[in-house]
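What follows is a set of structures for review.
Both of the next two complexes hold subunit A, though its partner changes from subunit B to subunit C.
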Partner chain A sequence: MATRYAKRLQKELMELQVSPPTGIRVEEANDLSRWVIGIDGTTGSLYQGEKFSLQFRFNDGYPLEAPEVIFIGKPPVHPHIYGNGHICLSILYDHWSPALTVLSICLSILSMLSSCTEKVRPVDDSVYVSRAVGKSPKDTR
Partner chain B sequence: MSDQNVHNIVNGIRFIGEDDHEELDIERIKFIMKHTPTPPISEYQFQELTEEVIITKRNKERIGDCTICVNEFPLDTEAIKLPCKHYYHFDCITQWLKMHSNCPNCRTQLPTNNSEYDAYSRILAEHEKKEREGINEDEDRSMRRQTKNSGMFS
Partner chain C sequence: MSFYRERMSSGLDIKNEELYGGVGDGGVVGFHCFSCWNITSKMSEDEIYDDYDVDDDSAEESGNESADNEEMDYEYSTQEIDFDDIHSSNRSIGKLTRQKSFEVLDRSELVSESRKLIKEVMDVLSIPSEAAVSILLRHMKWNKEKLIERFMDNQDKLCSDAGIPNLRLDKAVDKSLQKFSCLICLEDFPPSQTFALSCDHRYCLACWKLYLECKIGEGPECIYSTCPAPKCKVKVHEDAFKKLIESVAYEKYSNFILKSYVDDNPQVKWCPAPGCVYSVRCDRKERKEAVTCKCGFQYCFNCNDSEIGDHMPCPCSQVDKWLQKASDESENVTWMLANTKKCPECRSPIEKNGGCMHMTCRKNAGGCGFEFCWLCRGPWSDHGSATGGYYNCNKYDKSKAKEDDEKANDAKTELEAYMFYYHRYESHKNAMKIADEQRRNAHQKEQQILSKFDVRSADTKFLMEATEQLLRNRRVLQYSYVYGYYLDKKSNERNLFEYLQEDLEKHTNQLSTYYELSLDKLDDYQAFIKWKEQVTNYTRITKKFLDHFVEGVAGGLTGSHHNN
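Then we have the complex of A and B:
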């Protein structure tokens, strides 16, 4: 990944590896353009004790463009998270800002989980999941 | 949403002000704003609204780093200051403002090259202001009464 902003990704990665906040860890980042970040359900939330993995894909546009972020493995059961791991969170799409970071995305997703009061899938889950086969969440809106 | 659709809805909004329709139109504007990508800032406005600030030993710490590239501003170079007082490298902020028209840090909306879009922004902002004032109306009234009383006894 040879962009003028590759340095920013390296910095972000190093900070996350050197001093990760509680409940967030880098699981994989062999390739700078694809990271897997582990997050733990917050204590006191419906997801306490559960572990999840988020896949981040960065293209040359980052941070002017949002990374593609999805849950891989078993996604949390949540009204804004589809069964295929796609996440309904505006900062990942229309409300992206280059001042956001991988860490701030992880924190937003954790707070989205923490504020959940009922573990259910989105109402249109099956329709969406069948429509989104093989697609990036950035192309299904 | 296609441009034509947006255009049709825009024309519909001209009727704003008839009380019965106002609520509906606000919902419509909110919908459009949510589904329209932000247009870029106008070049003219960029020139008008931004300031070039030379980085010195005195202001460097206060200004911090550019939040787009997370690099510092070297001494004696120029940083671009937006009206909301956030600073960026020229290259970083102009790349962003080619596709958007808000400040990455605080999302303050700058004038775009699309006057219809700006008109919606204004209508929405005014609506939100009115809503906020509605909540404070009682407070205001009691404040006014107090002022009047104090005037009477002074």
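Then we have the complex of A and C:
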């Protein structure tokens, strides 16, 4: 990883570990290029009381390129989250900006969960999941 | 059209007899004295040129030759030593005046054209910034009129849609700040080391540079890059690119801007030749003549395809139709071709490695020595002027054509007819590739000649001229079989067409044969000069035949010959 931005990643990690916002915690980051972040369904939302895990993978292009972000374990049942943990969220793909951070991604995903009114999978879930076997969500768009 | 019939039936037996024809009859003019190709080797250059003078005079009388040709004729009759120089420079002047309808542009001309357009908009709309207008123009696909209209209609909306709100470029930094924290690298900088567009999303210079270079790496879309801030739609303007990135990367970026200028402009297209950097502007809607790029590639501007090239005498739509058919039939054709590329006598496989259609089944390769025509597989002794025999190679067999009528629904016969044309089309196409190679290798041949004979380098210019002529002839011949395939099978046009095609084909083959003569066979200077005269002469002759053919197809076939 380019040293310049390895430093940014270190800073982001430290910030999250030292003063994590409510409902967000670093579960795993032994390898700087792969983190697991735990998030809690917010109070008052359909996901209150549920816990989820997000996997972040960073390549050399970060933050000029978006990280690869998916749910691991049991993904939330949500119209924009596939059964295999892939997330339909534009800032992770076309609308990525290098000024976005791991924290801002987590907050976006939490707000996406909070605004949900019906717990259902995407309509094309089974088709997408079978097509996306072994692929990064960045390559299935 | 009795003239053509007459000449057809008398075939090639006519010698030393001058024929001028087609005067006032559909625009086909100026046939030559047959002597100029039958006894070429005995003629001096002056005699050859004299011949052309006579010919062209007759053409002038008929009022059908253009003015630039007349000019050339005067040059023909002079006896200058460095004849070829004058001749060719004159020819290019003639060409220029005739083909003003297109223009080859290099990179700097594209730059100044696009700058000129930007300047015009700046003046009309009183916008002082070139960078801002450049964004507006790119947003409007370089359409100046549309831009001005939209700008007048709703300036604010247009500017924010285009990503340059209020036409503002950069946001100056607040110098009172002690330090500034960059949201991309998360580090602190003095304000002087930061930059922001009008939206005031401020980042350090290093992050800007990496961000923009990353965009350029992604390709042509980089010219529409926006500010790195999430959801910000403000476009990064040219001056910012220039200021923030290295000059090598900026060069790449400018090339992408030029690319958009060309791609968005229907009157300008890149030359399709592989690796060519030029572009061509062509304003006419209908194609008439091919355009010629500075790289030497000649092609149809409309089709703009390096494989198709120029397709005179066919219209574009016919080429489309033909290529579609070729791909539909390709399986059948492959099978037929694979099963017919054998010596007609002994069935040995035949390899074709010259541009000429005269094939020899090589004894040293286990063959029988049979000499035959690549196109019709008939014995070569039946062909060409050497025996005065009737050359029947460009016509689909008449008796077969009759059968055609009888078995109009027989698909196999139709495929055979198609195969006839397809095979010739392919053969000339391949011969063209060989001619192209010969043209590129003409320099080597020149060196061999210069080292073998005591001649000046001006004496070898004919090599390049011959190969260029061969190339042109092969290309026209190639497409002439497409044209012929779609010509009405029983029309009068067809007779004339095949007649002109035959002439061109025969003499082109002859030129190929002469050109491909091994230098080992030239024992002395005399032999060289004799050979040079043959090649030079045939180059001129085939040029005339090519002109006749092209003029004939353009005028004579479709003009006043609707007798059927």
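Here is the rule we go by: the second predicted complex is superposed on the first by the 138 of 141 C-alpha atoms of A that agree within 3 Å, B and C clash if a C-alpha of one lies under 4 Å from a C-alpha of the other, contacts with A are read in each partner's own complex, and residues count from 1 in each chain.
Convention: a contact is a pair of C-beta atoms (placed from the backbone, for glycine too) under 8 Å apart; a residue touches a chain by one contact, two chains touch by 3 or more.
Predicted model, so just to flag it, every value in this text is computed and none were measured.
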item: Clash or fit, subunit B versus subunit C on superposed subunit A; value: clash
item: Which partner reaches more residues of subunit A (counting touched residues only), subunit B or subunit C; value: C
item: Touched partner set for A:Arg8, first subunit B, second subunit C, both or neither; value: both
item: Partner chain in contact with A:Ile91 - subunit B first, subunit C second, else both or neither; value: second
item: First, second, both or neither for A:Leu64, with subunit B first and subunit C second; value: both
item: Which of subunit B and subunit C A:Ala99 touches, first, second, both or neither; value: both
item: Overlap of the subunit B and subunit C footprints on subunit A, listed as residue numbers; value: 4-5, 7-8, 11-12, 63-64, 97-99
item: Complex contact set, residues of subunit A against subunit C; value: 4-5, 7-8, 11-12, 61, 63-65, 91, 95, 97-100, 104
item: Touching residues (chain side subunit B, partner subunit A) in the complex; value: 34-35, 37, 67-71, 92, 95-96, 99, 102, 104-105, 107
item: Of subunit C, residues touching subunit A in the complex; value: 183-187, 201, 203, 206-207, 210-211, 214, 228-232
item: Footprint of subunit B on subunit A - complex, ascending; value: 4-5, 7-8, 11-12, 63-64, 94, 97-99
